[in-house]
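Below you'll find the structure I mean.
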Amino acid sequence: MTPETLRALLAGVVDGTVAVDEAVRRLTHAPYQDLGFAKVDTHRVLVQGMAEVVFGEGKRPEEIAGIARALLEGGHDVLVTRADPEAFAAVQQIAADARYQERGRVISVVRTTPARLGRAALVCAGTSDLPVVEECAAACAAWGIEVARFVDVGVAGLHRLLAVREAIDANDVVIVVAGMEGALASVVAGLTKRPVIAVPTSVGYGANLGGLTALFAMLGSCASGVVVVNVDNGFGAAAAARRLLAR
Amino acid sequence: MTPETLRALLAGVVDGTVAVDEAVRRLTHAPYQDLGFAKVDTHRVLVQGMAEVVFGEGKRPEEIAGIARALLEGGHDVLVTRADPEAFAAVQQIAADARYQERGRVISVVRTTPARLGRAALVCAGTSDLPVVEECAAACAAWGIEVARFVDVGVAGLHRLLAVREAIDANDVVIVVAGMEGALASVVAGLTKRPVIAVPTSVGYGANLGGLTALFAMLGSCASGVVVVNVDNGFGAAAAARRLLAR
Amino acid sequence: MTPETLRALLAGVVDGTVAVDEAVRRLTHAPYQDLGFAKVDTHRVLVQGMAEVVFGEGKRPEEIAGIARALLEGGHDVLVTRADPEAFAAVQQIAADARYQERGRVISVVRTTPARLGRAALVCAGTSDLPVVEECAAACAAWGIEVARFVDVGVAGLHRLLAVREAIDANDVVIVVAGMEGALASVVAGLTKRPVIAVPTSVGYGANLGGLTALFAMLGSCASGVVVVNVDNGFGAAAAARRLLAR
Amino acid sequence: MTPETLRALLAGVVDGTVAVDEAVRRLTHAPYQDLGFAKVDTHRVLVQGMAEVVFGEGKRPEEIAGIARALLEGGHDVLVTRADPEAFAAVQQIAADARYQERGRVISVVRTTPARLGRAALVCAGTSDLPVVEECAAACAAWGIEVARFVDVGVAGLHRLLAVREAIDANDVVIVVAGMEGALASVVAGLTKRPVIAVPTSVGYGANLGGLTALFAMLGSCASGVVVVNVDNGFGAAAAARRLLAR
Amino acid sequence: MTPETLRALLAGVVDGTVAVDEAVRRLTHAPYQDLGFAKVDTHRVLVQGMAEVVFGEGKRPEEIAGIARALLEGGHDVLVTRADPEAFAAVQQIAADARYQERGRVISVVRTTPARLGRAALVCAGTSDLPVVEECAAACAAWGIEVARFVDVGVAGLHRLLAVREAIDANDVVIVVAGMEGALASVVAGLTKRPVIAVPTSVGYGANLGGLTALFAMLGSCASGVVVVNVDNGFGAAAAARRLLAR
Amino acid sequence: MTPETLRALLAGVVDGTVAVDEAVRRLTHAPYQDLGFAKVDTHRVLVQGMAEVVFGEGKRPEEIAGIARALLEGGHDVLVTRADPEAFAAVQQIAADARYQERGRVISVVRTTPARLGRAALVCAGTSDLPVVEECAAACAAWGIEVARFVDVGVAGLHRLLAVREAIDANDVVIVVAGMEGALASVVAGLTKRPVIAVPTSVGYGANLGGLTALFAMLGSCASGVVVVNVDNGFGAAAAARRLLAR
Amino acid sequence: MTPETLRALLAGVVDGTVAVDEAVRRLTHAPYQDLGFAKVDTHRVLVQGMAEVVFGEGKRPEEIAGIARALLEGGHDVLVTRADPEAFAAVQQIAADARYQERGRVISVVRTTPARLGRAALVCAGTSDLPVVEECAAACAAWGIEVARFVDVGVAGLHRLLAVREAIDANDVVIVVAGMEGALASVVAGLTKRPVIAVPTSVGYGANLGGLTALFAMLGSCASGVVVVNVDNGFGAAAAARRLLAR
Amino acid sequence: MTPETLRALLAGVVDGTVAVDEAVRRLTHAPYQDLGFAKVDTHRVLVQGMAEVVFGEGKRPEEIAGIARALLEGGHDVLVTRADPEAFAAVQQIAADARYQERGRVISVVRTTPARLGRAALVCAGTSDLPVVEECAAACAAWGIEVARFVDVGVAGLHRLLAVREAIDANDVVIVVAGMEGALASVVAGLTKRPVIAVPTSVGYGANLGGLTALFAMLGSCASGVVVVNVDNGFGAAAAARRLLAR
């Protein structure tokens, strides 16, 4: 509610074309109108540019299904991360077209056709990082971000990475998923001018500290301009990509 | 050197328009041409989109001045972070037009006119975070990113932030600089759809762990799509902004 | 036993109205009277204002039931935290009216009618924090603290919180339960003048460090006067609320 | 601005007793009226119950003096924590009646007469904790909280603590300041039914981890209902006391 | 083998009363005689004052039984810590008189009659610490240390501890077992002049860090002369007690 | 591709003995020829001196079997670390001669006859460290490194170690595997001039921090020239031994 | 005050041989008599067996001198740890016979003749650990514990330690002071049956974590019965030795 | 002293060619002969292959000079690490030919001519790591290891590293010195089959944790067979190189 719309409303009150009670209601709710609205996600789309995504951990299957039903009834797609098969079964009960990306543990019910936002390179070192890659890819798919995977390109065999360097650079944004020492982020960032979003994973031997080693390494990257999301947070990288591609 | 330029070069060898020695020189250097070149930054500009920035910590004044001279002779601007006044004095000896952003500890010698890439909101809670803000702003300035500062908007007085919410949203990218508990990043990200780059600072009481508390809080943001750079790394945030604005 | 009561007792000895043996017994036990007493909880009620609460973790079902029986025989209510269903089954054997708050993992046998101490707002961001919220609520209920829950108010959707701001402020104390980055505590404290007790939870992605991230963030809150209890310690927040409401 | 005041304002518009422009101004600012207001502290007093306190670390003397002048001009008292003597000299330039608690490193300019809120026991183990105690006491003094100090009562000599047990219990709130292993908080909480606010300090030998050892110990107190503020945060404890005494 | 016994041996060689081969054998083994001896424990008894104790974790049942058989055949008692029921079943196969302290997870086969070394007070706060207490007690029992348990004496109810203060002081050594914040060690040490061995346990809520909180708190005890063993290391405390009682 | 081979190639183009398309292909691939090669392991053998080893954790049985088949078809031996019995069953399906070192969790299919590289002493303190020892030994065996095990030589019984000191010194490299406090590495390094590779293990009581205690202790060894690999990384120690023995 | 002395006192009241006021005074003070006494140290000597020692860090020179004067006036010796030269100068003002152990940073004023308690071996690896050794030695000297230093015996040169093994074993208690990896404690404990008190020091390269590496290593010692005090806490080791030698 | 030499000695005793006293002396000292020898370094050379190196931190200038004199008098070279200019001045007093590598903080007095052991590549990313590089180089120089420096080869500009790949591979051992995220170790190890010793440095922004980030990253390297020494421990890397080159 800008000063202009406010002035118009008040003019309506003076004119008598807007009742005082109606003006009270509007002014009480505006800019709270959207805020107090029960359809929470409508608002989040407006403000943050994407609907609410359900974080599945710690929620019961029936709760997840309930939230999913509310979202669908509000005309929104559903995305649930960290979801186990029980949650998927519950969501299937209320949405037969629900799909489950098992490795990424993502439930999705996509009924809208998202605008195409651009292309993301999803770069990782190996098979063990795939759960995070797939969580990221599932979110990208739901949001209209086309994904190109580069899975076999760890820095221990640098030639494999150098061979796909131009193919990576051809994307709008580069998401690097890496565990162990996380060096892949630095090396990739040194090879491209694209935005680089690094996702540390909890994959690794010994003192990987549940992914903190890769996390700190990526934060300390000697290549400038690498940004980082939380450990194993493939979804977060997708959301960050969405923010920057939506410009 | 793409396959096409390579084919053209070889055709020139066959034609005799390119001498064998000249072709050897070019092929030896391509893609190494830039690599083996003493003017290192030329190459980095091509690959990563920005010239090398000098990290001043642990380097002696005369070394920093030497690197600066090499960069200037190569036609590049100079940016030195974490620079103390002694380093600035040394750089002034070789570049009378050098400037020193004292709070941000950045030396800059800008002789080119960078293209304007866009606008960044620089949001922080208070005076204590200013050294990081200014490091970021100095890098932005050198790279053609226009900066709008929002300095007095910590979440403890939410009204101050809400009052500038639209002004923040009017930028191309939002950089949130916050110490203590780092909550500002989550709140700002909940209020804008712009890309949000969070910079934790080492400012704070007690168990702020030299900035790790804010760092972890920002990584764990309940608002989706926040990306994070290292503690106190204002320069890194600017470099990330440059990557995404250069698209 | 103050000097006055002591003087009176001694006067009774001189008077012969108090036998020497009786005086020995009283003086031996005072101030140890309560201390050496087998009914431990009677004493704790007097000194700390609340009966002993049983910490269920690491105790066997039959031990928990045994302690519960002793408390009940002493005329006390029973509260067991971190209790699993096996412990509940054992307590049911000795108290058919025992109840189990499953999500909060609290067993309670409430046979007294506690005085009403006041009202506590229980504010949290979402479903995943509910186990901690319910542990807190169960203890509040047993102690005469009325609870108002505000569950859907994370800072990523600030409007939801702003809409209930006054309703929160209408309570005597505000308990904020939050995982991830714990920013909710700072924002809520910035919106109310009430005492704010923050409970970090172990809910979250990646580098939440089992709740330490939220804990440190809450301790470092830029809003003044936030106090913190241990990770997931909903019971502790209730006990702190009791201390301050009992004034 | 409650619905009632809003209804009255609109009625004034209808009546013509309030001009449309004036109504626009008020509605634009309400509930933002206070928020956008330059006198920031007025608002914070209303919302949080206490004026802004200046955190001195990382701010320059002239900046601190500037903020102090603004506060004084707004009719507020001034409290600056973590202030060094240089900052004090600068504040003295603009307020000759400024005082400096050197050990607590607090500058205060108190020109109002605060209402008496109650009494706080300030309990600590020894001389080394005094800087934190004095920071706390200075804030209490400025806010109308009467302080009783109990300085020589570490748990290694339990008799000293037991001797003042009743004197401690006679206060409205108990603030325990302790470094090393922080056991004092547990023991004191076991001896009183008052609210107990624990302040860990960075005082100690070896593995005290800059105060984290005391912090974690206090959070893990076996006595129920202890709440904790950040390491060395004497000011924070005072602010928490203010919140609960202001009820 | 002291110089004197060596001189005697050599004299025997000269005399012919000791054959060269025999002397070679003795000298090869001396000082290696005990060292290289297959009956490892004989040597450890001589050097360290106690036979080898088997650390059960990570060893297979049949391996534990094998080591036990070797010890028994060598005339030694058997003590296995961190033993699960499967290990006990295996040891029972080779020693029908083996006993299992289930809570302390200690297998013992005691066939010798140890000399009585003295008395140890085993002080702990509650039921949850009992596994560590019982591990300690089982080792004490096997080594001739008489144990007096004081189980219900946490500092949150100080009176309980004060009531048994003299009974604790009547022992030769005091072992304090405590989790949570570990304050019990400081308080007990302040009440006795006996040697105090503190054992932190991993019992506790939230930020107890698997026992590190209690560990650091005990190391930082404000009471002088507290010594500490590793987290949950009841056996280690017993072994330390043995060292000092054996003087 | 050196300047000489390049000059020759170009001469061939001029001569017409090399077609332009062929030259394009060679130049595009050189020095990428090996890099882009599909048989990844061939390349790694050339560059790093050993074929790729499969890290089994986080990979599915069928994926491990698929990689194993690809390696075998390429003429390479197969080594899978951190493999569970399910993975072994899958590999057996495609290679009946596969073997499983159960304690070390290593699958191997060795069809080549490796050159003998030398001898490694594998020194550890006891049974609990055997899984790491056996992982190391399995890799050594596959690579032609002969292993001598010294299993019963912890520093608590120094005589046992001194007795085998010369036997240890007789090897080309010494690998010390130790958990708990990791002191074995320092002591062994003080007794030999051989290269010493230390492997910390996660074995131990209490504050062993999952092996970090041994790791840091080994890094801080007061004996010069000890090098360290990651916690429990027996394979890594073998790979390091291979690098140095292959000289 | 036992029941018997109490009965006698009361009998005196009945008899009139003890005035009521006198009985009130005695009963009020007993067992508090010593507790409320201004000469704090008298009490600590009685309860803990040693007078209070002043921890100098964070105390001002004049405060330290004031405490010293009070102790001396009470007939006690003075011991100040972590004292800088300024503190010593202040103490000299009030006690000309004060002495300063500069390396150990201990001020002592010893005017009594302590009973000889026994002998302690003080074992360390080298010169860098001497400040801790000397702090320990100064406290031992003040308390009648004779000290034998073994300074050049790090495990990297095991022969040096083995050469003095019997000389170490000839003491009543062994105090091992070691930084770096702290292995010396394990090795010494494996060579003696004496009580072993380990003192980790903050001496060392890189990841010694301010002494935590040695601390954790000592706690995790594979030799049974090692007890540990805090990092650099030479005084604490002396106090522990005093407790056990005083039996 | 092998069984054979022992048998010969005893035969001499029987023969009378060796006096009993002489035999006692020899047997007492063997294998202690070297151990008890005052010229400590002679022994260390024999056992560990290199003379003792003096760790300068925490030692006083006159102590360092004293140790240096003893070494020189024993015919050994002197190497002091972590030495400040004051220590150098003291050593110069007793050895005019002493040299000081200022950046590496190493004092050396080299009077012998060491055998040439081989060549080490010293690879680092930039100027800030030079203190560690130079400490390593100074030790290498003193021990006959020829050094080739590769200083400008961080992974952010991969071309620079690829250009010197073969030159690096031409050495006997590769020492990689890197701070920040430490990725250089992984990349280099992927490019060479040589032994790779990684030295993490404390150089870096923000969450580099004093070098722990690089340390953990190097330990977690995805390239097989990387070994690691402590943070900033250039000397340690040299000593490790010496061990492996001396084979």
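Chains here go by letter, A, B, C, D, E, F, G and H, matching the order in which they are written, and residues are numbered from 1 within each.
Just so we're on the same page, a contact is a pair of C-beta atoms (placed from the backbone, for glycine too) under 8 Å apart; a residue touches a chain by one contact, two chains touch by 3 or more.
Everything numeric in this text was worked out from a predicted model, so none of it was measured.
Enquirer: Which chains make contact with chain D and with chain E at once?
Expert: C, G
Enquirer: Identify the chains in contact with chain B as well as chain E, in label order.
Expert: Shared contacts of chain B and chain E: C, D, F, H.
Enquirer: Going by residue numbers, if over half of the contact pairs line up, that's a repeat, so tell me which of D-G, F-G or B-F repeats D-E.
Expert: F-G
Enquirer: Report which interface contains more C-beta contacts, comparing B-F against A-H.
Expert: A-H
Enquirer: Have a look at where chain F meets chain G and say same if over half of the interface residue numbers show up on both copies, different if under half do.
Expert: Answer same: the two copies use largely identical residue numbers here.
Enquirer: For chain C and chain D, let me know how many angstrom lie between their CA-based centres, rounded off.
Expert: 25
Enquirer: What whole-Å value do you get for the distance between chain A and chain G if each is reduced to the mean of its CA atoms?
Expert: Each chain reduced to its C-alpha mean, chain A and chain G end up 59 Å apart.
Enquirer: List the centre-to-centre spacing of chain B and chain C in whole Å, with centres computed as mean CA coordinates.
Expert: Chain centres of chain B and chain C, defined by C-alpha means, are spaced 50 Å apart.
Enquirer: Show the residues in chain A shared as contacts by 2 or more other chains, in ascending order.
Expert: Each of 47-48, 156-158, 189-191, 205-207, 212, 215, 219-220, 223-224, 230-231, 233, 236 in chain A touches at least two other chains.
Enquirer: Would you mind giving me the full set of chain pairs in touch?
Expert: Chain-chain contacts present: A-B, A-C, A-D, A-F, A-H, B-C, B-D, B-F, B-H, C-D, C-E, C-G, D-E, D-G, E-F, E-G, E-H, F-G, F-H, G-H.
Enquirer: Spell out the part of chain F that touches chain A in their complex, as residue ranges.
Expert: Per the touch definition, chain F meets chain A at residues 32, 34-37, 40, 43-44, 47-48, 52, 55, 57-59, 63, 200, 202, 211-212, 215, 230-233, 236.
Enquirer: If we count contacts the way the header does, which residues on chain G are in touch with chain H in the complex?
Expert: 126-131, 152, 156-160, 162-163, 203, 205-208
Enquirer: Flag every residue of chain E that touches chain D in the complex, lowest number first.
Expert: On the chain E side, the touching residues are 125, 154-158, 180-183, 186-187, 189-191, 204-209, 212-214, 216-224.
Enquirer: List the residues on chain E that touch chain G in their complex, please.
Expert: 47-50, 53, 172-173, 189-197, 215, 219-220, 223-231, 233, 235-236, 239-244, 246-247
Enquirer: Using the touch rule from the top, collect the residues of chain C that touch chain G in their complex.
Expert: 3, 6-7, 10-11, 13-14, 20, 23-24, 27-28
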